[in-house]
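Each of the two complexes below includes chain A, the first together with chain B, the second together with chain C.
Up next, the complex of A and B:
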């Protein structure tokens, strides 16, 4: 306890320092006019909320605390504890930094636009983001010219790094993007120094095309044919949220004449399942749409569960949209096969044991409907946290459908070996 | 094997290449497969590999692509004509993968074919030593005075048991394994060789499990999940063994490793809508709607022809009648039953194979590494 108290004290001091440094005028104003405290509180809260996305991890909690520091009342001091607690477990996720103002450095317009789309969640989904990033990189590479006294293979990587940093500023990088970028950087460093610049650029763009084709598009085709064999006539298939791969699998199975119905389980804040629902039902598949709390009452009807993934980890766990773990747990309990559809390029070397070590928070614009946004944000005792992902442990997963076949989660770790190390 | 097969194939190959190189070879893979399978020591996957080797010998294919095409066609033919093709597919799959990945270094395609044929034969010969190897592995896991439970009849399990019998005192319970009743065959063979053996009812497994030290079963195929496909009843054996905390060991030659991932019992390729279905009308018991599976099934039954377990109470009361029809299942009823079932990996302690002693997840990793590369 004493340790915790000490840490709290330290953080308070740090916060106070930051306030003194960053917002001296506002702090003074608040101190001078206690009668305006509530109104001021509101505005500063809004300010700090706006500032929050731009401050990484600790900064977020610090700015929240600066609020309390300014309106120095004892009742709110008690609140500091809980508020700090809420933030502290999630603070390391890193709030989203909106690319505010002019982009720093030499950022390509395509990347600036993509950054905006990422930040506003206009492009979501590991595959979509990866393809969008790679396509944007193609235009970056085409518009790039090597500065004098350096070579393309040496300089282009640093140039790309700036672009990547800009994208990461908009939204944390997905594992799929990280793997693709790693692959491209290797290709760049391997490109021949003596090759004319335009040829080298063309070749890189071609390699990117190949990567998109082989690792994503063809992989999805293989996955959908493999998954088709697991769908029988009369099946009731459950899926959670929206995965581009699962969507392809279901549409493909339908086009192949399989008779099945789909239960789309969805959940706040993103309600992505609606998109899937409209796609499936317009294709003529019988669908049921429920929200996650209704899952227990419907799960007994289900024959098989298909979900997508953000990434799969080497211990066989799957990192996917928050709520997936709950579906997996329930399916496992009823011994309903829980099948994850995931391309191998989403493989991640690391191991996570829970959803807290790494995650991402949904920005407020996504998690709150615009109408009530104002109201919720002005609530001083309310902290909004919406982790985007959770971790499904390997014990709850029956099988992973990849382009190398249907494998049990325990074999995920042998994927790099099977594919040859350089592919992942 | 090879000397016996070589002369006719050589002659046939000649005539074909001389007369009509375009026409498809009049090679009957089914007949070849049946002939090879007559040898009692050759199991289905190896027989399939040997049949495909013969197909290569007869093939007029001029490129690897054509050859692989011919092989897959032959494999399809084999699969469609065999009532239970799981184990066969494993061998076929292995061989086709081998041919596809075979380094193409020979000068002419005929050389390559000859090389493939000799490699295939060599593999089949080598495969005959696998059972001894597995028996050697298993031996270390059987204690003196061990009581072993096994299921149905399996050549590799027989090998392991007889090997253990040479050096240790073992006694064996074997399940009757309805409907084929192959447990009786196991019992006869073991008793003849001096191993104490008792046949138990399939329904008595739970009753006797406490007396058992170790459960050994063979397999039709070991699948990618690390699970096991074997004669029906293995799954319940595994569940009961697990409930009693007894080790459940599966014995499988590596050519039975199969890239298949059953998600449930009904996800097996052998599952047909007829299995576990309900009869439509009790009056029309003669079989108008019965498909080929049931017919082949009854044929298989007739071939195996075990004496049905007599229902004691009933037969003693109904003195005047022959064994009443109601006491044993009709062929129609049997046709609604599965031949094989799938044992989940979490119920299996270890898989003994010629590539080593593997955990179920080790099997799947081996399979991923073998075929994905």
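Up next, the complex of A and C:
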């Protein structure tokens, strides 16, 4: 056989092997799904069990399938061969699954509500989700009563973990939520055994209020005062998407009389910059709105870039909305200071080296507007992927503004030590 | 509380389902008394299962556990017997709120105001005659309510009326109301029953200022499924004196709260009383949230320092509307005779489609498009087409039944001819009788050889002793 023919044979065998791998990969992915969030499989089992007694309802036979194949906002992804192909890139996140059936087990109504709000992306943003979670936990704690033969400090943690699993099933937890929950669990285990139950619950709710106040609200106030020093009159400030901290910084600077103009860079599918734009322009700040691809043309006019963060990693990298890394890269190239405003409670102990290891895909209801979602979903060869986050390497970041000061990204790992704690 | 169980901690309930099981005036004579016993509308069978079982199964699937059935005192026993019987099994906790009124026209408002103290949580208000479709689970309406972070008061469900056939019965049916929705927020803005047949419509200017782009729908009917906040009950109690019907009076009034400023101010105090801590702080930090303050014609907002961090966000008090298209599945309210028989036909079709092999040997000349209960006996040379036959019926020989609904315990003697009829339970049809498009009251005896066409047969008319076949039916159709 000539070299050509041997090459062709090799290619054919390789293609056949790929196809054969896709079949067990599909089987493995179907087996992976249960391990992802057992919540969802159990809820889908409940759906199919509920389908049995629902014979009186119209259309009993295909009820499980029809429950799957409806309602544009929450549809389960059946992993067919073509879908398995597209998800190869982000297959370790798994398919996006939305349990649309009733919550399994005794989940508090506030958590059920919150889970729906997270799943439908009604509340987004690290700070917002954390505050919403903590507020919901306050209701859960107030409605909790210690069962006999155990104490609040031991049992409440398990009770809360059960609720947290439901939330995680709706949408993966953010680092801010994770840190806040860690903090609450420590507070619970430290609560006094001898205290009467209602007092202990009130004390916990108060501690939660303090956490929100100290680590988010007051931290934001300190950050905006610190950031004010970096803003001069006549500056052109660039910001990406929408960060609650940066919004507060800009509004505060404007209220303090600084003259500056803002360029809001936005990107699909979330298009969060529009909200920021309306907020800033109704406050009287001069704004420009561009999409991310237009950035290179306009970046030369920028004096300073402010962005927010979802979390900070211990090597100084910043994990934030997809697109921030590109903005950072361009700013770095032109020596424009790239400033990240981030509260200390978002610090995460891990280190990621790229955006692939940990990420989240936007659900279809967010990626595609409802009008065209049905045609797009029925396309067999089309797969829509929208990773929500990306990683900005520490070399592109000039400074991080936290409530303990302005620090270079390389010193981020010393934050817990500087705050006098073991963990953040 | 269970003393042995360590893990149980009571979770507060999220929703209470309130089912209104009224008299069913439009379904007369099916809901007429059987002797002295009432025939509640809720227990009328659709494909051999009582209407209310569909509603209860729908509720159960969505995860709601508590149900409150509001029914007349006379019906309570019959309903609770059914719920405790073997035919009906579920994990729901059902309570009854009986109202002492023999007047069939007692409005829902009065009844709900009386039932208000029994409900402490957000509630789902349903009518017992709503037949859902699997493509529309109740949890999707509940989710719509849960996700509404802007303080929605209620979510309602409107379904598109399917194409009706142009027979004379249909002309008497109520036309769908004029419904105005705002598509971007899917809020219900205006519901008008009185102008359904006219060509002009009066709207408030404040509606158009606040919602400049709206859609007007003329073929969507209210399904009487509402998911409401607890605060709405307080409003109901307040308004019960003036309003009679929940659907026709209260819901349009509630919609107007969104844009009528003075009414809002009057009732904001009532509403904010019961508001659960809304996530306003979280919402302020949310990246996808944008306050709809641009529609407000007031002064531009003041400095961000003071107002932003404190105080609850302004609630929109909106009434959401979920629209269900006919192509997604057939849902209906079976509150009139036409809808009742149509629902029977549709459910029959789906039941037969899903259970292709009925148990037992096929009866002679029975086609596969009918549902016959096992305990019924069908004679020879009888044809039963597209019909539903109830339990313990005896059908004689040479009977022709087409497109009918036969209740339980009916006796149909030889040679009878039934077409598009609805027979209530315990009806007895004599030999060679002909009934075409008739509806009978429970316990009626049709004489042998009688011929009726398009009439509603009541027991009372027989008590007068007339035996003519040209007997006039009961009062006219519209009531």
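Throughout what follows, the second predicted complex is superposed on the first by the 331 of 424 C-alpha atoms of A that agree within 3 Å, B and C clash if a C-alpha of one lies under 4 Å from a C-alpha of the other, contacts with A are read in each partner's own complex, and residues count from 1 in each chain.
Methods note: a contact is a pair of C-beta atoms (placed from the backbone, for glycine too) under 8 Å apart; a residue touches a chain by one contact, two chains touch by 3 or more.
It should be emphasised that the depicted structure is a prediction, and the values quoted were computed from it without experimental measurement.
> By the touch definition at the top of the document, which applies to A:217: first (chain B), second (chain C), both, or neither?
Second partner only.
> Contact-wise, after the overlay, does A:419 reach chain B, chain C, both or neither (first, second, both, neither)?
The answer is first: A:419 touches chain B but not chain C.
> If we overlay the two complexes on their shared chain A, which of chain B and chain C does A:106 touch? Say first, second, both or neither.
second
> If we overlay the two complexes on their shared chain A, which of chain B and chain C does A:304 touch? Say first, second, both or neither.
A:304 sits against chain B, while chain C stays out of touch.
> According to the contact criterion defined above, which of chain B and chain C contacts more residues of chain A?
The partner that reaches more residues of chain A in the superposed model: C.
> According to the stated criteria, A:357 is in contact with first (chain B), second (chain C), both, or neither; which is it?
After superposition on chain A, A:357 lies in contact with neither partner.
> Identify the partner contact of A:198: answer first if only chain B is touched, second if only chain C is, both if each is, neither if none is.
neither
> With both complexes overlaid on chain A, does A:161 touch chain B (first), chain C (second), both or neither?
Neither partner.
> Contact residues on chain B for chain A in the complex?
Going by the criterion above, the answer is residues 224-226, 259, 261, 263-264, 266-267, 345, 361, 364-365, 367-369, 371-373.
> Name, in rising order, each residue of chain C that touches chain A in their complex.
Contact set of chain C toward chain A: 3, 5-15, 47, 49, 53-54, 57-58, 60-63, 89-90, 121, 131-135, 137, 139-140, 143, 146-147, 149, 276-277, 279, 281-290, 293-294, 300-301, 303-305, 309, 328-330, 346-347, 350-351, 353-355.
> Show me the residue ranges of chain A that touch chain C in the complex, using the header's touch definition.
50, 53-63, 66-67, 70-71, 74, 100-103, 106-110, 112-113, 116-117, 120-125, 127-129, 131-132, 135-136, 138-139, 143-150, 155, 159, 212, 216-217, 241-244, 248, 251-252, 255, 270, 272, 274-275, 278-279, 282-284
> Name, in rising order, each residue of chain A that touches chain B in their complex.
By the definition above, chain A touches chain B via 230, 232, 304, 337, 339, 398-399, 404-408, 410-411, 413-415, 417-420.
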